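You will see subunit A twice below: alongside subunit B first, and alongside subunit C after that.
Coming up: the complex of A and B.
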């Protein structure tokens, strides 16, 4: 009796896990098969193999350029976020500022407002007055502002986990603050910096609303915005182009993940005896 | 190089007074220990010499030059941290050569220098390893090598042996003392382990609450502790410190009648100190001995630490005696602890008055 119950339990859990797995796998399967299908639909099927969809997307005047725009905006924002967050997190971790924790929590709270829709109107107004509409710089600054608080918060943890004795040791040997940052702190928190960079790139890569609002010119729009314009003349979503472009759009981020985890994977060689 | 501290005071924000107007002179080539319980200010003192703490007032001089206002990197000192602070992303060579890298020594020269120092500390096989791949003892030697490589005027060690396990600590202690002797560089180290301080140092400063209670050679600190604090802190078995009273030319201490040193006024309260190693156990009653019942026997290997309870007027005093192998009394029997003449310490008003 117990054995039967046990077997039934195993079957039930396997079925449940399969269903959950299918929910995650089906969209991925669609992304892998639809671009090569002559007549893609919103169902997953064995494709009628063709590369015509790729030709069609290359003929779109904005598609390839938009991936370049995404690279500029995501890369620029990641650079701004990593540099500023690293400096701010280092300072916040090492200097005792009264009300430091409150400051961090308020920043974190505000960041969800800044990236969200609530501050959209004033941000647009500000960007207009500063002549930042339709510029990569405008997008980079606005999205970086949204990402910075969380990035500082996460990096501060990495900085806190780095023993101050590393820096003091270097100081006694005569290293300047800049040398300490370059020789010791940055290499030691490199996994944290890589995490923040990947996260920033991925967020900006997938970001839509800010880019949609701040950029009028399709020449400057990133892929996420261009994807939204791929409709047929009849106003129906053009699944041939959307599926193909989605695949092209995903590839750079996947490649970046592979590169970063291969190169800066999460290694930590302890130099402190616990 | 000599080190001189004058009126050194450090008050942390929040009011904690870690150093209280402290004066100290450390001689050329001396191996000097700062000993005390945690929170006594010994680490703050070491960090003040390094320049990692800025004193609230007072001066620090190294080699006769006032360095109070100099940043740590310009004081020509090397510090070994308690956690070693080896840079985890650099291999052993790069770690040892780091001070030379800061001094802009060309790569080939500094790597040769690192290899030479590493050879001296038996690290030649490990030059390409990262700190995470080294044992605790090897990490400690790398930290020492890094300090030696920059040829400083002064070495500062913060609890250099506390992260090693017990057996390794004894080996490292002998090694460290020989190394310091060979290098002849003035060395200050901090420890809370009295055995380490006595074994390593030429002179020891015992610290308490931001002040130096006593400075002296290990033998002097051990035989003539200036206060009951030092007496209770020094020694591998805690000293018996028993309250007593002067009665004419005798002392009444915990049930024993002992000869009083001259010059003590009648009726004064005193504290009578005797180390467990400097007392003998008698099975027969004696007037000049502390009576009690054998309560605990602790085997120390070549000897046994015996705790007698029931001494004193109200019977709650404990007296400890170290007895040689094979002479342990049975537990629960009556015994008398006889202090050896000439080994007793008498404190009056927390100051040592005998032996004068």
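Coming up: the complex of A and C.
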């Protein structure tokens, strides 16, 4: 009786996992087949193998440039977030700044409440008045403002967990605070900084809404926005271009994920995601 | 932890914190406060009210609450959150975590890998993948189900984006529940099984009491994110005829496309308030858990991924 139940349970779980696997794989099959298909259609099919489709990217005036824009915006935002969050987190971790706990609590609350959706109207208006529409700087500043609170919070945890003894002995030997920061603290918390950098790059690389409302000029638009215009703006969508471009644009995020999960184990923090 | 080991000093410490605070202040705090003011005006993108906006008091709010399109949109948002987050992601995520709990090896890696991949791919890519999947003429789904010409996105737009978001976001619930289930001692399950408890009874009597906190954390976070999710706009753009126009799309179309900035800001403020309720509930939950943790009667809720309160910022 028990053996029968056990066997049925195994079968049920195998069936369930196959269905789940199929459900999650089905939409992605197209991304794996169409870019290499000589005559890509919207239906998934076994490709008649070719690499010629990747040419379409070179022929489009905005495709390659948009990847460059994504690199500038994601890299710029990651640099701003890592540097500012590291400085703030270090000071908050080591020095008793008055009102620190309240500050952290409020920051945390704000970062979850003031989402892109809730703030798109004032952010658009603010960017217009500051002349930041259609600039890389505008995108970098706006997205950094959104990512910083969580970054400070995570890095402060990281710094709290780091013993202060190295800093103390360096101080005994006469190192200045900035030297200590550069030569002792940064190397010790490097994994934390790397995590924040990867997280910021991935968020901005995949982010859509802010980039969409802050940029009108296709010359400045990142891949997320250009890809969207490729399949929504009139006429028959160019499937060789869409499929190869999607693949090329997705690849860095997938590689980063593999890198992080291989190096640090894939321990996700709350909403670490774009 | 507050020993100033590097001899930073208070003034330099303030100097370290200040740049980050300025950026957060200008691009996160100020917009939130400004929404309140803008929402009280008749500010428009173009025309007379753009040059000289007037304060109209609560007019925008009464107009919104009296607007059928707003009420429909709010109701669609409720359906979207309940359908795709509370039911879709949470239930599917738990079911996957439960089924995989004592499996190792390739099956687990493949299933987890696929679920995670759907989560990390950029949103404009997954949006097109779903457009292709559901396409009326050449869509893979119609080819599989042998229903040529079924226009899923036109006939069932809400169902389509609910299934889409379930697919998109299940990974978070799966990971959170997988971590939670590691806190359920296998010996307790074994005892229950030997006593003849069915799977349902084991879940209810052994598992549920131990992961209650995780369930609540998960519900609050995924509801908040789903409520603010803009991704399905890339699939249906709110159509056809506004039948999938959830609140984020409503704000976008009325304020930024239609130019009614004041009105859009008022609706944004309502969204902010709803977010605030979710966020306060979540932080409160974390605090009670921290206190329980300090007392040492935490009930084994260590290493919970959701407890690290990093939340998606405006880049979402």
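As a working rule, the second predicted complex is superposed on the first by the 224 of 274 C-alpha atoms of A that agree within 3 Å, B and C clash if a C-alpha of one lies under 4 Å from a C-alpha of the other, contacts with A are read in each partner's own complex, and residues count from 1 in each chain.
Just so we're on the same page, contacts are C-beta pairs under 8 Å (C-beta built on N, C-alpha and C of every residue); 3 or more make two chains touch, one makes a residue touch a chain.
Being a predicted model, the structure only gives us computed values, none of them experimental.
**Q** Scan A:97 for contacts with subunit B and subunit C and give back first, second, both or neither.
**A** second
**Q** Is the number of subunit A residues in contact higher for subunit B or for subunit C?
**A** Between subunit B and subunit C, C touches the greater number of residues in subunit A.
**Q** Which holds for A:174: it touches subunit B only (first), subunit C only (second), both, or neither?
**A** The first partner, subunit B, only.
**Q** Kindly classify A:187 by the partners it touches after superposition: subunit B alone (first), subunit C alone (second), both, or neither?
**A** Touch partner of A:187: subunit B, not subunit C.
**Q** Scan A:20 for contacts with subunit B and subunit C and give back first, second, both or neither.
**A** Once the two structures are laid over each other on A, A:20 reaches subunit C alone.
**Q** Applying the touch criterion given at the start, work out whether A:7 contacts subunit B, subunit C, both or neither, answering first, second, both or neither.
**A** Neither subunit B nor subunit C is touched by A:7.
**Q** Taking the contacts subunit A makes with subunit B in one complex and with subunit C in the other, which residues are shared?
**A** 165, 168, 170-171, 184, 268-273
**Q** Please output the residues of subunit A touching subunit B within their complex, sorted ascending.
**A** Those residues of subunit A that touch subunit B are 163, 165-166, 168-176, 179, 183-184, 187-188, 190, 268-273.
**Q** Provide the residue numbers of subunit B that touch subunit A in the complex, in ascending order.
**A** Those residues of subunit B that touch subunit A are 50-52, 71-74, 77-79, 81-89, 98-99, 101-103, 130-133, 136, 139, 150, 163.
**Q** In the complex formed with subunit A, which residues of subunit C make contact?
**A** 1-10, 12-14, 16-17, 19-21, 23-24, 26-32, 34-35, 38, 92, 95-96, 99-100, 107, 110-111, 114-133, 135, 137-141, 143, 167, 172, 175, 199, 221, 224-225, 228-231, 234, 237, 247-248, 251-252, 255-256, 261, 264-265, 268, 271-272, 275-276, 278-280, 282-283, 305-316
**Q** Quick one: which bits of subunit A touch subunit C in the complex? Just the residue numbers, please.
**A** Subunit A reaches subunit C through residues 9, 13, 16-17, 20-21, 23-31, 41-44, 77, 80, 84-85, 87-88, 90-97, 105, 107-126, 141-150, 152-154, 157, 160, 164-165, 167-168, 170-171, 177, 180-181, 184-185, 202-210, 213, 223-225, 227-228, 231-232, 242, 246, 249-250, 253-254, 257, 266-274.
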